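Below: the structure, in structure tokens.
Each chain carries a letter (A, B and C) given by its place in the written order, and its residues are counted from 1.
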Amino acid sequence: MLRRLVAATALGSAIALLFVSTTTAQTNYKVPRLADGHPDFQGFWNNTTYTPLERPKGIDREFFTREEVVEQMKRAAVDEAEQTTPGTVADVHYDFTQFGLDRSQAPLSVNLRTSLIVDPPDGHFPPMTDEGKRLNAARAEARKRAGAITDAAQNQPLSVRCILMDRDGPPMLAGAYNNNYQIVQAPDTVMILVEMLHSPRIIPTNGRPALPASIRQIEGNSRGRWDGDTLVIETTNFTDMFMFAFQGASADMKLTERFTRVSDDTLTYRFTVNDPKVWTRPWTAEVPWKKGVGPIFEHACHEGNYSLTNLLRGAREDEKRAREKKPASN
Amino acid sequence: MKHWVGRACIVAVSAIAVLSLAAPPAYGQARPYRAPRTADGKPNLSGVYQAISEAYWDIEPHSAAPGQVRELGASNAVPGGLGITDGPLPYKPEALAKKRENFAKRITLDPEIKCYLPGTPRGMYMPYPFQIIQTPAYIMIVSSYARAVRTIYMTDQKEAPADSWMGWSNGHWEGETLVIDTTGFNDQSWFDRAGNFHSDQLHVVERITAADADHLSYEATIEDPQTFTRPWKIALPIYRRVEKNAQLLEFNCVPFVEDLIYGSLRKPSSN
Amino acid sequence: MRTTFAVIVALGAWLMAAPLLAHHAFSSEFDIGKPLKLRGTLTKWEMINPHSWFHIDVKGEDGTVVPWLIEGGSPNQLIRLGVTKKNLPIGAEFIIEGYQARDGTNKAVGRNFTLADGRSFLLGGSAPGAAGSDK
């Protein structure tokens, strides 16, 4: 019964490769509109991608050819379907393929870009300021002082602690799987439900002012407006993120996200990070979001986070065993 | 000719009869309120709301009582409450014993303390704002506490695929009332801080009606044949947050409970 | 064409590195030195996040039944593919390959879930005849 569903998934991936959707707009596309005249972006979307944020070393083109990308995606699908080798660290894990969690099992856009960063044009972060370097050195120092990653829950990445994931951001970037979003639009409000951590991004589009600077939030404070047929979301009031900041950003980062629907099955998502404390100039990235399927099932991560308990307990057991092996000293 | 007068009188009397048969909402004006409409012609319930009730401590009528944390003194003490239930909760005998145990051990057992999702209906009367975002196919109810999200499926309705904390909700309109039918609960959430609980057989039917521009009338029927001998009801008004720029602020409480949950597993003599 | 090949290799290297962060956490939870193979019946699948848990009753050689808890992936994509708590093969016999928890309890992570008759339980997998094995 479940295996019958595999055929559907494999076919879906094959179709994704055949119908190449690029990030450039179809000039004759008529975006569907809501009663208030604004474009309708509602539905389920998926931003899974193979494209890295920064351009890989040794590549200085802005675009791959279609043939290169299709070949790469085919090879990735084959690699992902193969099981890991027993006895390796990678093998101490459930198999993503069996749960439908491979990238090749997700709705995928064929993105010809060599990096998500489109500006600076070299596809890399702009240089960091001296203050940015000091800030991030201090963060690295704080993480070092906190001890090993298994010493305490608070030393683990925010994702393992079920506090924040890449998919939430903002900006919203795909992780390995479950890169699903549901967009609903009411007259004064756009809501983006991020599957991972069931994060609700509630974005007013009625001109509500920003929060005072004294109020800080992990996901910042977002306000939206329409620029023609593009939804523009400005987010400020971030926190300092407990030693783990987005790509080294400061709490004063200003983020601008832009959504444009370029075809029935593609939303172009473009974001600009403006953080003069950390980077010498703003930087911009772009990712196509592909039409996905629902439903989004409750991702009650913190409530089900047995893994964190287990890994801490495991580390304490290992230490206990190591202590018991040692001859009595001091 | 008196004929048409007589008929007009009959029509008028019938109209009055119909108006009085339409049950007024539990709170608000006697004449049913007609909420402004959305583009698809439905009562517009969008907005930021909050319950003002002691039910989050204990949904049954209860006296004031001391809190459980001595250092918090009156801040953690329990205020008396009139309750929102329609009578004593009809627990089965073994379930009543469990409720009492829950109450006695609430400081370790109450899921709210660990920043776990509140479940339904508890999320609707916690002392934090929630927001209704209404569209034709989906009505989203988002609570600031633990960022709890409820997706109310208005068209694409299916059975709960698996159990969840907030349940799986299918909704429909009955005139001015949004009726939400929720199943697919796990057995992990509570109804309040007093240890009132349920099994995974919980079935909740809520009726939400705009009582006037700034109040919702909220009623819910709770059914759980594993825990209770019969269904029971709760009812309370819910208030619109009318201040300018009313909005949900982020209340991600997970970082605030990590020491509580994982502190005993911290490496000894680490910071 | 050589440039193309280099591109593919470069991207491939980046892709393989990406999920390793998740694996690191798992190798702290489960013991690479304790691989195991269990045979048992499925009594429950806790379809929860971030990872799901299979409850398997394993019958020992002496006939005693020992419950095991096996960690699997998020159920969310399988739910999108039509899997529900009602259409699970409860009572079916399984073979689980995996690694035992570091804390020595009857918990493991399942690297492979197969039905005892050799068919793959979930998607893909390396069992003969499973879709994806001949890609």
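In this text, contacts are C-beta pairs under 8 Å (C-beta built on N, C-alpha and C of every residue); 3 or more make two chains touch, one makes a residue touch a chain.
Predicted, not measured: the structure shown is a model, and the values here were computed from it.
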Check your understanding: Among the chains, which has its CA centre at the largest distance from chain C's?
Key -> B
Practice item. Kindly work out which chain lies most centrally, taking the average of its C-alpha atoms as its position. Key: A
Revision key, fill the gap. Highest contact count belongs to the pair A-C
Exercise for review: Could you tell me the distance, in whole angstrom, between the mean C-alpha positions of chain A and chain B?
Suggested key: 33
Revision key, fill the gap. Chain centres from averaged Cα atoms put chain A and chain C apart, in whole Å, by 24
Check your understanding: What whole-Å value do you get for the distance between chain B and chain C if each is reduced to the mean of its CA atoms?
Key -> 38
**Study point:** Residues within chain C bordering two or more other chains
**Key:** 47, 75, 79, 83
Study note, to complete from the structure: Contacts with two or more other chains occur in chain B at residues 161-162
Revision key, fill the gap. Check: chain A positions touching at least 2 other chains come out as 150, 162, 294-298, 300, 303, 313, 315
Practice item. Over in the complex, which chain C residues touch chain B? Could you list them? Key: 47, 75, 79, 83-86
Practice item. Report the residues of chain A in contact with chain C in the complex, numbered from low to high. Key: 1-3, 5-10, 50, 52, 56-59, 64-65, 67-68, 71-72, 75-79, 81, 83-84, 86-101, 105-106, 149-150, 156-157, 160, 162, 176-178, 180, 195, 293-301, 303-307, 310-311, 313-315, 317-318
Practice item. State the interface residues of chain C toward chain A in the complex, per the touch definition above. Key: 4, 6-8, 10-12, 14-16, 18-32, 35, 47-53, 71-83, 87, 97, 99, 101-104, 107, 109-113, 119-126, 130-133, 135
Check your understanding: Which bits of chain A are touching chain B when the two form their complex?
Key -> 34-36, 42, 145-148, 150-154, 161-163, 182, 184-189, 191, 193, 197-200, 202, 204, 208-209, 211, 215, 217-219, 242, 294-298, 300, 302-303, 308-309, 312-313, 315-316, 319
Practice item. Going by the contact rule at the top, pick out the chain B residues touching chain A in the complex. Key: 38-40, 46, 111, 115-117, 131, 133-135, 137-138, 140, 142, 147-149, 151, 156, 158, 161-162, 164-166, 188, 245, 247-250, 252, 254-255, 258, 261-262, 265-267, 270-271
